[in-house]
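Have a look at the structure that comes next, please.
To keep things simple, chains are lettered A, B, C and D as they appear, and every chain counts its residues starting from 1.
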Amino acid sequence: MTTKIGIINVTGYAGSEIARILHNHPDVEISSITGRSSAGKKIGEVYPHLSDINLNISDEISGDPDVIFSALPHAASAEKIQQLINDKVKIIDISADFRLKNIDVWESTYNIKHPCPENINKSIYGLPEIYKKEIKNTNLVANPGCFPTGAILANAPLIKEKIVEPTIINDSKTGISGAGRTSKLEFGYSEINENSTAYGLSGHRHQPEIEQELNNFSNKQKVKVTFVPHLIPMTRGILGTNYSMLIKNIHQKEIMDLYRDFYRESPFVKISEVPPTTKQTWGNNNCIIYPHVNQQNGIVVVITALDNLVKGAAGAAVQNMNIMLNIPEETGLEQLAIYP
Amino acid sequence: MTTKIGIINVTGYAGSEIARILHNHPDVEISSITGRSSAGKKIGEVYPHLSDINLNISDEISGDPDVIFSALPHAASAEKIQQLINDKVKIIDISADFRLKNIDVWESTYNIKHPCPENINKSIYGLPEIYKKEIKNTNLVANPGCFPTGAILANAPLIKEKIVEPTIINDSKTGISGAGRTSKLEFGYSEINENSTAYGLSGHRHQPEIEQELNNFSNKQKVKVTFVPHLIPMTRGILGTNYSMLIKNIHQKEIMDLYRDFYRESPFVKISEVPPTTKQTWGNNNCIIYPHVNQQNGIVVVITALDNLVKGAAGAAVQNMNIMLNIPEETGLEQLAIYP
Amino acid sequence: MTTKIGIINVTGYAGSEIARILHNHPDVEISSITGRSSAGKKIGEVYPHLSDINLNISDEISGDPDVIFSALPHAASAEKIQQLINDKVKIIDISADFRLKNIDVWESTYNIKHPCPENINKSIYGLPEIYKKEIKNTNLVANPGCFPTGAILANAPLIKEKIVEPTIINDSKTGISGAGRTSKLEFGYSEINENSTAYGLSGHRHQPEIEQELNNFSNKQKVKVTFVPHLIPMTRGILGTNYSMLIKNIHQKEIMDLYRDFYRESPFVKISEVPPTTKQTWGNNNCIIYPHVNQQNGIVVVITALDNLVKGAAGAAVQNMNIMLNIPEETGLEQLAIYP
Amino acid sequence: MTTKIGIINVTGYAGSEIARILHNHPDVEISSITGRSSAGKKIGEVYPHLSDINLNISDEISGDPDVIFSALPHAASAEKIQQLINDKVKIIDISADFRLKNIDVWESTYNIKHPCPENINKSIYGLPEIYKKEIKNTNLVANPGCFPTGAILANAPLIKEKIVEPTIINDSKTGISGAGRTSKLEFGYSEINENSTAYGLSGHRHQPEIEQELNNFSNKQKVKVTFVPHLIPMTRGILGTNYSMLIKNIHQKEIMDLYRDFYRESPFVKISEVPPTTKQTWGNNNCIIYPHVNQQNGIVVVITALDNLVKGAAGAAVQNMNIMLNIPEETGLEQLAIYP
C-alpha cells in the first residue's frame, strides 16, 4: 500500500520543493496539501511548474496521511504539529522549532515562547549523516537549517578527531531562495542582481544550531562558531568556507582519508579533491566537501557546496522520510544535478 | 546664479536617478527633495550610493526651485503639479499624466479621472528628438515612457517617409528596474533570475502613447501598434525589436542614410551598422538604433537599445531640463556607458 | 534485456544533458560515450555533476549499442553517422545534418558539402508532435533545432487551419547555453550579464528549417518566416513570440480549442491560458504554448516557452528514442521543472 | 596646457576603464592608445561604449605623453615600461610587476624572471590611502591588485594599533570581470551563472602582496594571511570579509573611531555603520569599510566593498595620476555609483 503524504504550507519554496521531489518518488503519494493564503486553488495555479500534480490546496490536512511535512514558519509549525502529533503519524518539521534542544536558547534565539516544549525531547535532529539510527526510530524529525547542514558536515570530523581548535569561522555565501518566497523590497531582482553583502553579524539564528551540534563532537571545550552569512546573486546554492586552527600536524592525504571514512555510509556526502562549485549540486541532494590543509598558516579550510532547497531543506526532509519509512535512503533522490 | 532643483518622490528609481545625474551637473543644484514614506531621513539612508548628496527628504518641496521634477505615480503627479504650477517654475513630469493629449484615451487607459485636464494642452511631450523647439518654450514637459521612447524613435522615420505600412509590431525586452522600486513577489530575484516572460498582451498603457506620437507622422492612415513587452533577467536596459512591412523598395544603404539624416541634430541618438547591445547604453543617455531591411520578406526590422532609467526616464528628463534652461542639451549627460 | 546506448560527443551541453537524462531512464543503460578532446577521462572529470555515471570517455563508440545519439557539430555528425549506420542500430542525430530535406538549401545554409546526402531521405524530422508515426518506423531521426521546435509548434495549427497569412514573424529570446559549450569571448559572463542583443538578422540557419516544416501545413502559398533571435542573460530557456496576420475571424476561445485539439496526443505540449515563463520548463521536456488573438489589430500572438537543452535538444532526443523503442513517450522524462 | 595621456593595452577591461574615466576628466586628454591584437581599429570598434572617443589603436605609444598607463599582463608590462621610462614621463603600471619589493618573492610568485628588477625600488606601491606623499614624488607607481586593495585597507588599522593577532583570514568574493577580458570556457556565462566556487587555495598571487603591505604596520611579528578568493556570479565588485583575533579589549564605538581617524584624509574610503553592499560602489572609486567587533568570540570581522575595475584598478590608477600631477585627488572620479 502506498504511503500517503501530507504537506503543510506547500506554497513556500521548501514546501513546493517537497511536492516536486515526492511527485516522482516511487513509494509515496501526496494526498493532502495546505497553504495559508491559497486554500481552494489548485497547486498549479500557484506554481505552474507543479501543474501535473492534481491536488487542491486546503486549509487543513485531511485523510490521515502516514507522513506529514510541515513547512510552516517557526512557532506556527510547532503549534500545528502539536495538534497533529500521535503515535501513528511520522512528522518532519522543516521549521526551526525542534532543532535546539535547550528551550532557553530557542526562546532567546527566536524571541518568542515555544508553543510545545514537551515535544522537543521527542524529536531528533534530522541530519542523517549523524543521526541515521535515531531518525529511524522517531516519529518527529527536526529538519536541519540550510547553513547548519554545510557547517556541521564540514566541521564534525575535525572536532571529533581533535584536529583543530574548537573555534570555527564559517563564511557562507547563499543564493536568495534561502530567504523564502517573500515580497520584501530587499530581495527584489534590481536590488540583488550585481550585488552582494554580508548580514547577520550581530547574531544569526543558525549559529546556536551549528554550535549545539558541533558541541556533541567536542569533549570538554565548548565550540565557538563565528558565522557570517552573505547574500550573493544566485537563486539556489550555499557555498560554505570554514576556517579553523590546526592543533595537530596533519597532511592533505590524511585529511582526505578522514573525511572519506567519516562519511563512508553517507551516500549524499561526496568528498572532492578540488573545490566544489554550487552548480554541481543544483537541484540534487548532494553536499560536496573539500577539506584543504594550509600547513604554512596552520589552518584547515573546508569548503562545502549544496543546494539550499534540496540538501538544505526539501531533499534532506525526503531523505529523513525514507529512513523513517525504512526504505533505501536514496529513493526518489537519485536525480543528478542540472548543469549548466 | 545656480539653478535650483526640486525633485518630488526622489525615493523611486527614476527620482534617485535624477538625483544621481544632477549631482554632477555643472549648472544646477538640488535644493529640495521629497519622498512619501521616507520624509525626515537623509537621502543616503534610503540610497547609500547617494550618501554624498547632503540633503534631507522632506514632505513638501520648499525654497522655490527653478525646476521641479515630479517622479510621483500617475494621477498623484498631476495633482501635485497642479499645486505647484505657476509662471516661474519649469516642471518636468516623469509620470504619464500629461503624455496623452486625448483626455478620454488617458482616462480609459489609466482607469481614473484626470486630476487637472486643463494642463494637458499646456504640456509638451518631452521627446527632444522630435519636439526640441516646443520644449524650449514650455513650462510643463511630459517626459516620455521608457518603451515609447524606443518605439517612437525606431519608427518615426519610416512612417514619415511612408516606407512601411502603418501597422507596427514592437517586441520589447525590458530589464526589471522598469517595474520600479517595488516589493512585489513577482519581481523577486528568485522569480526573475533564469526566467523570461511576455506580459501586457491584452493592452499595455504605453501602447496609446506610441500610437499617438507615430500618428503625428502619418498623413491619413491611423497607425496601429501591436506592442508586446517582455521581462528578461537584467536590471537595466530595453531592447526593442520593431517589425513593419515595406511598401517601397528601399536598400539598406538608403535606410541608413534616412536614419542618420533624421537624427542628425539629436546627439543622443546613434545610428549603428550592427545590432546594438543594451549594455552599450548602461548608465548613459544614448538610444542606439539599427535599421535592417529584409528584402526577401519585404520587412524592415529596427532594433533599439537604451537604458530605461536614463534615456527612458531620468536622463531624458535632464535633457529636457537643459533644453528648457537653454543650455547645451548634453550638459551633465556626457558620461559614457559603463562596460562590462 | 536493457537497451544499450552510445553517446557521441558527450562533452557538449547537448551530449551531457542526454547522459544526465538517460542515467535515470528505467529501460536503458549508457554503455559507450565519446568526446573529442577528453578521451581517456572519466565523464565526472569533465562534468562533476555526472560523477555518478561510471564511464570513461573513448575515442570511438564500442560494444554495438542499440541506440546511438550523435551530438557532434554539423557535417562531422553526418560523417560519423555514415560509418555507424546499419539495419540494427537506431540513430538520433542532434546536429542539423538531416533536418533539411533539400540538399541545396542545406549546403547553402551550412556552407559546406553534405558528407552523405543519400541518408537525408532515410531520416525523419524528429518532432514527435507531428511525425510520431514516422519516427516509430525509422532508424535515423534528425532531432529538431531548438528555435524551430518552438516556432513550428507555435505556428503549425494556424497555418494548417488557414487562420493566418503565411507570413510569420518569430522573435525568439534565448539563454546562452544555446551557443554550446564554447570559450568564445562574446559568451563570457562579463559580456552577457546585464546585456541583450539581436543577432542573425542577415539569415540564421534555423530559418529554412522552420519554413520547411511550416510549408508542409500550407497548401499553396509558401510560408515566409522572419526569424530574429535574441540573446538574453540566462543560461537555459527559449521564449518565442510569434506574430501573424489573421485572415479569418476567430475568437480567443476558439483558438484555445484549436491548440488543445491539435496537441491532444502530445504529452509534452501544454496549452496555457496565460503567457508562460521559461522557468516553468527549466530542466523538463515541456513546451508551453499561449496563443492570443488581438482582434483590434487583426493579429495572433503566440508565445512559447521551452528549455533549449531539454525539449530543444536532449529531451526531444530521448522522447524520439522512446518512440523508436516503442516504449511510452514520457519514460524517463517525467521530471518536473525545477523552480525557483 | 592639457596633460597628454597614453594607455598601453587599452583593450583589456582595466585599460578600457581607464579610457572611460579619463574621457570625462577635465585636466587631461588621451592622446595615444595601444592594443595588442586590435592595432589599426578605432577604439569604438572594439568597445562600442567608447565610440565617442575618437582615437585609433596603435602598435606603440606615440607623441610623448606626459602620463602613461600600462595595462599589459605581468612581465610584458615591465618590459614595455623599461623602454618608455625616463625623467619626464610619469608611469602607472596596472600589472603586478612592481608591487612586490622582494624580487625573489616576485619571481617565485609569478614564476618568471623579472625583466627589469632595477626599477622595482624606484616604484611606489600605489595605495594613496597609505603612500600619498611618496606617490606625489615618484615617476613610477605600481597600482595595487584588486583583492589587496580591500584586504590592506581593512586590516592596516588593526595591525598598526596592535588590536589583533597578525594572523588574518581574508575571504573575498569577486565578480568575474576580475578575470579580465578572456575567452576561457570556465568564465563563460553558462558556467558562471547560478554558480559559485572557491579557488586559489594552494596559493594566490595576491597573498604575498597583502602580506608585504600589512607587514609594514607590524612591529615584530610577521603577518600571516590566509587568503581565499571566491568567484560569484556578478560582473563587478569585490566583497571582502576579514577575520582576526582580538588581543585587546575594544568596543564597537572605539573601533569605528579608529577607522574614521585612520582614513580621515582618504576621500574614497567610507566607514559605514552597516555592512556595505558591492552595488553601492558600482562604477565608482569608493572602498566602503565596516568593522564589527564580536566580543563573545573575541573576533573582529571587517567587511569591505569596492568595484574591482574602479577602486580595484582603473579608478585607483587615475587617483594615483591625480596625486602625481598634483591636482585634487578626486578630479574626474566624482561620479556616484550607479544603482540599481
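The rule we apply is simple: a residue touches a chain if its C-beta (ideal position, glycine included) is under 8 Å from a C-beta of that chain, and two chains touch if they have at least 3 such contacts.
Fair warning: this is a prediction, and the values are worked out from it, not measured in the lab.
**Q** Show me the overlap between the contact partners of chain A and those of chain B.
**A** Both chain A and chain B are touched by C, D, going by the contact rule given at the top.
**Q** If you take the mean of the Cα atoms for each chain, which one ends up farthest from chain A?
**A** B
**Q** Between chain A and chain C, what's the gap in Å when you average each chain's C-alpha atoms?
**A** Here the centre of chain C sits 36 Å away from the centre of chain A.
**Q** Measuring from the mean C-alpha position of chain B to the mean C-alpha position of chain C, what distance in angstrom results?
**A** 39
**Q** So which stretches of chain B touch two or more other chains?
**A** 13, 175, 177, 181, 190-191, 193-194, 233-236, 276-277, 279, 282, 340
**Q** Where on chain C is chain A touching in the complex?
**A** Going through chain C, the ones touching chain A are 13, 16, 20, 23-24, 47-52, 177, 181, 193-194, 235-236, 270, 272, 276-277, 279-284, 334-340.
**Q** Which stretch or stretches of chain C touch chain D in the complex?
**A** Of all residues in chain C, those touching chain D are 13, 175-177, 179, 181-185, 187-194, 233-235.
**Q** Quick check on the complex: what are the chain D residues that touch chain A?
**A** 167, 169, 171, 173, 175, 190-191, 193-199, 201-202, 224-226, 228, 230, 232-237, 239, 241, 243, 275-279, 282, 290, 292, 294, 296-297, 299, 301, 303, 305, 340
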